[in-house]
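This is the structure, below, for whatever I ask next.
Naming follows writing order (A, B and C), and every chain is counted from residue 1.
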Amino acid sequence: MSFRKERNFIVFRFEDGKDVIESLKRVAKEHQIQSGVILSGIGMLRDFEISFYSREKMGYVTNKFHEPVELLSFSGNISMRNNEPFFHLHVALAKEDISAIGGHLKKATVHNTLEGVIMRLSEMKLTRDPETGTLSIS
Amino acid sequence: MSFRKERNFIVFRFEDGKDVIESLKRVAKEHQIQSGVILSGIGMLRDFEISFYSREKMGYVTNKFHEPVELLSFSGNISMRNNEPFFHLHVALAKEDISAIGGHLKKATVHNTLEGVIMRLSEMKLTRDPETGTLSIS
Amino acid sequence: MSFRKERNFIVFRFEDGKDVIESLKRVAKEHQIQSGVILSGIGMLRDFEISFYSREKMGYVTNKFHEPVELLSFSGNISMRNNEPFFHLHVALAKEDISAIGGHLKKATVHNTLEGVIMRLSEMKLTRDPETGTLSIS
């Protein structure tokens, strides 16, 4: 795992086998990021879970995959929830047949590499309500 | 609807039921954004229209949907066209079966939430020709 | 082809028929970008090649297309490899039937237009190992 900061931008690289969300949390802690935005992320993922939020089912419907996929886009933000940095992440992915899938990212392992960028927000505070999930900007 | 500016970055959150493009225009007007870039956007959409530009058909072929979809990526820019801020937007979306679709976004309603970021450009001017659609950078 | 810099952000527009990677290299050379990030890119592509990296096949499996597609998201980074700016690029694309595909972008021609943004990194150095492909951040 390697990462470096320039102004408010942190560029990171996670190696094969790393847990994506745990690795992001470590970057957040090392750079004291309480609020931020994921600006970029490419590479590959495996052993991942993506969800679709269904009102009818009153919650996330989650799909689990083991096989590697290309990470086409990696978007989201970092807010504080229960005094811990929380990552709200969405991904677009391509399977080996190049068809694209995607959703809310619950969990993933890096396959080969993940190269990305976080923008740290230092003047505003993003907070997520632990009960409702609502994001507040203050 | 809430939004806040830090340096040239505006973080916004639109609530369920809001018109996406009208809400973006309101943010642009409140922060006097004449030129800018959409850096991020996640959440869900419903009642949306996405288009494919076809030369053979000499225009956009538009597909309308009502059902909710996850917003995987939200990209685009803000330019002035006929003295109004104009949003050129492309989206990648996931349906309930997690398959991805996408195109040029013509219209959409926020489902649950839309959380995003705009970068304001203050030293350059993006202008879109109302007849040809061509973007000029000056 | 037109492009302009504001702080560390370069906004560009490439016209129909341009080679995407050659055009990005030209922007990188004109603005002396040795390290950077692609923050945005929308428009259309044609005559493109997208790949999936397969460990079993010990390399990229590449799919070639001629037909135009909408460019939904354009992500990646710029590093120095053998003293030349190297672009690691991933794309999500939509076909005329709005289904999405994607992968590692090897080659593409602009269809109609490509409008995008690069962030130049000036305090850190991204380097890619020409043998292993590994990105170093220093």
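Everything that follows uses one rule, which is that a contact is a pair of C-beta atoms (placed from the backbone, for glycine too) under 8 Å apart; a residue touches a chain by one contact, two chains touch by 3 or more.
Quick caveat, the model's predicted, so the values are computed rather than measured.
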| item | value |
| --- | --- |
| Chain-level touch network, classified as line, ring, star, complete or other | complete |
| Copies chain A and chain B touch via same or different residues, half shared test | different |
| Turn needed to bring chain B onto chain C - CA fit, degrees, nearest 5 | 120 |
| Approximate Å spacing (C-alpha centroids) for the pair chain A, chain B | 21 |
| For chain C, residues contacting two or more additional chains | 39, 72-73, 92, 99-100 |
| Sites on chain C touched by chain A in the complex | 37-39, 50, 52-55, 61, 63, 72-73, 75-77, 88-92, 99-104, 119, 121-124, 126, 134-138 |
| Touching residues (chain side chain B, partner chain A) in the complex | 2-4, 6-7, 9, 11-13, 39-42, 44, 68, 70-74, 92-96, 98-100, 112-113, 115, 117 |
